[in-house]
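Order as written gives the chain letters A, B, C and D; numbering starts at 1 within each chain.
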Amino acid sequence: MKSEKIMDLSEAIRRFVKPGDHISIGGFTLNRNPMAAVYEIIRQGIDGLHLYAHSNGQGVDELIGAGCVSRLEIAYGGTGRFAPTCIRFKKAAQEGLLAVEDYSNYQMTLRFMAGAMGVPFLPTRSGLGTDLIEKWGFSPETRAADPRLPNDKLKVMDNPFGNWGDVPRVVLVPAINPDVTIIHVQKSGPKGTSRIEGLPFSDVEQAKSARHLIVTCEKIVETDDLRDAPESNQIPFFCVDAVVEAPHGAYPTACYRHYDYDPVYLNDYRKYASDDALYADYLQRFIRGVKDHAGLIGLIGQERIKAIAADPRTGYATGLDRK
Amino acid sequence: MKSEKIMDLSEAIRRFVKPGDHISIGGFTLNRNPMAAVYEIIRQGIDGLHLYAHSNGQGVDELIGAGCVSRLEIAYGGTGRFAPTCIRFKKAAQEGLLAVEDYSNYQMTLRFMAGAMGVPFLPTRSGLGTDLIEKWGFSPETRAADPRLPNDKLKVMDNPFGNWGDVPRVVLVPAINPDVTIIHVQKSGPKGTSRIEGLPFSDVEQAKSARHLIVTCEKIVETDDLRDAPESNQIPFFCVDAVVEAPHGAYPTACYRHYDYDPVYLNDYRKYASDDALYADYLQRFIRGVKDHAGLIGLIGQERIKAIAADPRTGYATGLDRK
Amino acid sequence: MADYTLRELMTIVAAREIRDGDIVFCGTGISMVAAMAAKHISAPNSVIFFETGAIDSKLEEVPMAVADPRVMFHTSVNGSLADAFATMQNRFTGKKVVGVMGAAQIDPYGNLNSTVIGDYRQPRVRFSGSGGACDVASFVSRTIIFMQHEKRKFVQKLDYMTSPGWLDGPGARGRAGLSDDSGPAAVITNMAVMRFDSHTKRMYLEGCYPGISKEKIVENTGFEVDASHAEEVAPPTEAELRILRERCDPQGLILG
Amino acid sequence: MADYTLRELMTIVAAREIRDGDIVFCGTGISMVAAMAAKHISAPNSVIFFETGAIDSKLEEVPMAVADPRVMFHTSVNGSLADAFATMQNRFTGKKVVGVMGAAQIDPYGNLNSTVIGDYRQPRVRFSGSGGACDVASFVSRTIIFMQHEKRKFVQKLDYMTSPGWLDGPGARGRAGLSDDSGPAAVITNMAVMRFDSHTKRMYLEGCYPGISKEKIVENTGFEVDASHAEEVAPPTEAELRILRERCDPQGLILG
């Protein structure tokens, strides 16, 4: 299969992710984060990133932990039971190493959706009366200095149609158009048509809102394999800039119908992340010390990789020890 | 299979469609219109309907032709090459028998989407500077008299985030919440989980915006048949009030992977629709004169029904004579 | 009487709040097990629904996050986040939804903080943030809140209001633009069940867990609370416990 | 020279407007065949895209409507209407889209009427209405317009403005809230190709079809039009005609 969009991950990250970029990543907590790409960003030492996240979880925490992120817009920094609050995120926020601005999951989703739709904002009732509206994470100076940030976090407006829809007032949340979005999917065609299996989260909106889109996938397949069931594809090829085959590209997070999250990795990560020295060691050993994602998977070893292989019936690793 | 939502079409229409209701139907021009339901509405003589349509085509024209519709909000009244402008719609509008208010396809889609999302409006740039904004079809008195209509057709507003998104100004289109939406799908489960194959058009937004939802389907299948691939389902069961098995329920419009549109019917329809006497005869013979949709299909006969059967490879009737 | 743990009691107390036909939005952990239990006990037609978009998952194993692949199996629809929150904000489906949630702080009106302790931009303690909590609390007909009963968590004034409860009292939700008919219904703690007065919208003590005195609860509540009508909460039955242990969390991942 | 029909000429003239890499939004009929032809002639990497949501359909047979099941076969994505229009309104993908459309009336600035003749509420003639035309004309980088060249169709003032062209001249789109960089690029009629002056935004005559005089075109245009620079339009080549007849519309459903 040939296509000028197919490239290896290091090239895709080098071409499309620059220091200081506004980026967003797909996935949710411990599922389908584009971890191969996250680790490659860490390996390339790209920093000063402005990261847009809803509840992206593991990928967010690792980018923050490795010092790649200087500003974060987020709804939720957690990885389920493995880290009810992401540890490096918590630490960075408490130590003032990270400027954080809070939204809700739906607000962030709507902001990506607005970006994808090409409208400057979308309305919701979420957050009326709360500090999500009152308290802003970024100062007016920060906003003014970066034309990629709106001057206002959000706006509350009376419903111009009176009480139409039984809604007297709405919050308008501004569109996000990241410089680059990175998502990990199950299958892509050579030109980028992509298929997500299981829950899509907000990946599709994130993908379509971005100026550039990198798609990593478990497998690049023939176009016909995807076009035989186009209702199952979500990303049209013309939205995609780079297609990267990255097997286990979401590891240690899950990829539905391919593999589960790795509870061993996530438990170890919690331990490492809780201590600065251990964390530096973790980064050196697992991320910076390997050439690429295949190197990490090799380090983990076949036994653990086999243990998380998805059961074809359920799509996850049935009976996996997850304590 | 048992479920209190499964009922025959005459019961579903009797229970959920009342004279004067605000209704919307799914499909697009000559595809997947809920024709069995449209014909049943005609048979039951339900009138005074306020119909919301984007480009729903055949179903809209037949409801208008049979005198069921008194007000119409619409983007496009046509059925492709068979009727670039729907004939009974054109006639009714020109004779002043029908109050019409025009929107664009995207505006109507956004209005259903707003209704589905539970927000009073959504923004777009579509229509700025045009008569879609300047000219309203319904008078302020009509609007004031029906609480189910907003006082304003739409609103133009300066972007409250400055020029954010390179958009200085937007049109806000008000949400639609029909009393009832009727869609026709390929498959439903006993409680209403539904799957649309091929293009979904705006059916999902229309379905979710409605107070009541009737789903007619080619076949009611076991829940497990749908839940084995939940990414392919669009309508959650809790949105559905009535599930009706209606084979060929979109006929004479198409139903992807089941049957094509019937060019003979649509050509004949054009001929009948162009003449009041012929049209009265058509209604009597094909619609009111048969007991139900199976009666109409019987009248059409196996030969024509076979001719439009979908080729499993393409999803339509390959090589069908469509002149 | 059956032997049970505190977490089991809390789960069953929450499960009893769920009515048949409810669409239950729940998060991870104990709230998910409560929703699972309710389906087996009193609300067979309730629907578990995750903010990640999974509707009516067949939960053969306990998910450890709302994005756990276990929630994606055998659902009615695997929708998007946008779909999930629209279902809650929708005028028709939203009325059927009950939300189950937790927080780091709660105030007398059931407003919640899950964002920071201390200054917002220089937090002393940073928590996960809203996630879908603010959305749920803004949209759905009623919410059930899990809390640890500690003075520093039941506070007169939140450090940050992440999710709206009854705001500052009667009519406040309506004035803010939310619905006056929706809001927090119950707070389930490790000591008690609290509810909100229908007139004042302030929290009061409805039920004490077996063996816990009113005084202890009042003492652990950082604001004044009416305890005058409190009764003892009925403990879980053996049948309820069996369902929890055998059908909801046999691996003890959440309750163990 | 090859023998060709007027409809074939119009189709080829339109196909030539499509550039490689364009995302072509087209409607039913001749515009669809033009887009199909362009893929075979000069723009192999152009993408046909229907407002119904079908992206890059494999058109083994000519669809007779944009919702024809033939557009659903072997696409990249079978999206919704919402997806399709968002692609056009999107800041990045919208810039790559060219729209091909028709209308009942056009004015000197390329504004279009496809709604009514006469009073809006009491129309003398009712047409189909906008469909996606207004959306396309509002959003995409450039539009190509098919028209019958008649005085009553090329009018100084539209009865109803369904789709925005250059509105009332330079800067008007920007003032209305649309993009000043996007708008109608060419009008392809049964006699000529018209374009819009880059300064005044008014329509002028660029090319006459073989055998049609400037005078005849001016006579059939209901407003003043600059014809001073018009040249003859190159007729379709044999290769172009073969593609049309053999690969685009072999049944003659549109061009026959």
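A few comments on the model shown:
The rule we apply is simple: a residue touches a chain if its C-beta (ideal position, glycine included) is under 8 Å from a C-beta of that chain, and two chains touch if they have at least 3 such contacts.
Since the model is a prediction, treat every value here as computed from it, not as a measurement.
More inter-chain C-beta contacts link the pair B-D than the other of B-D and B-C. Separation between the centroids of chain A and chain B, computed from CA atoms only, is 37 Å. If each chain is reduced to the centroid of its CA atoms, chain B and chain D end up 27 Å from each other.
We define each chain's centre as the mean of its Cα atoms; on that basis chain B and chain C are separated by 40 Å. In this assembly, the C-alpha centroid of chain C lies 56 Å from the C-alpha centroid of chain D. Counting partners per residue, chain A has 115, 117-119, 124-125, 165, 167, 170, 177, 198, 200, 231 as the residues that reach two or more other chains. Those residues of chain C in touch with two or more other chains are numbered 72, 78-79, 89, 91, 139.
With chains as nodes and touching pairs as edges, the resulting graph is of another kind, matching none of line, ring, star or complete.
Note for the complex: chain A touches chain C at residues 27-32, 54-55, 57, 74-82, 84-86, 89-90, 93-94, 96, 99-100, 102-107, 109-110, 113, 124-132, 134-135, 137, 156, 165-170, 198-202, 204-205, 254, 256, 260-261, 310, 314-316, 318-319, 322-323. Here chain C touches chain B in the complex through residues 23, 47, 55-56, 58, 72, 74-79, 86-94, 96, 139, going by the rule given at the top. If you check the complex, the residues on chain B that touch chain A are 114-115, 117-125, 150-152, 155, 157, 159-162, 164-165, 167, 170, 172, 174-175, 177, 196-198, 231-232. Chain D contributes residues 28-29, 51-54, 60-61, 63-73, 78-82, 85, 89, 91, 111, 115-116, 120-135, 138-139, 160-164, 167, 172-174, 176-179, 251, 253-254 to its touches with chain B in the complex. Every residue of chain B that touches chain C in the complex is listed here, in rising order: 115-119, 177, 189, 193, 208, 210-211, 224, 226-228, 230-231, 233-239.
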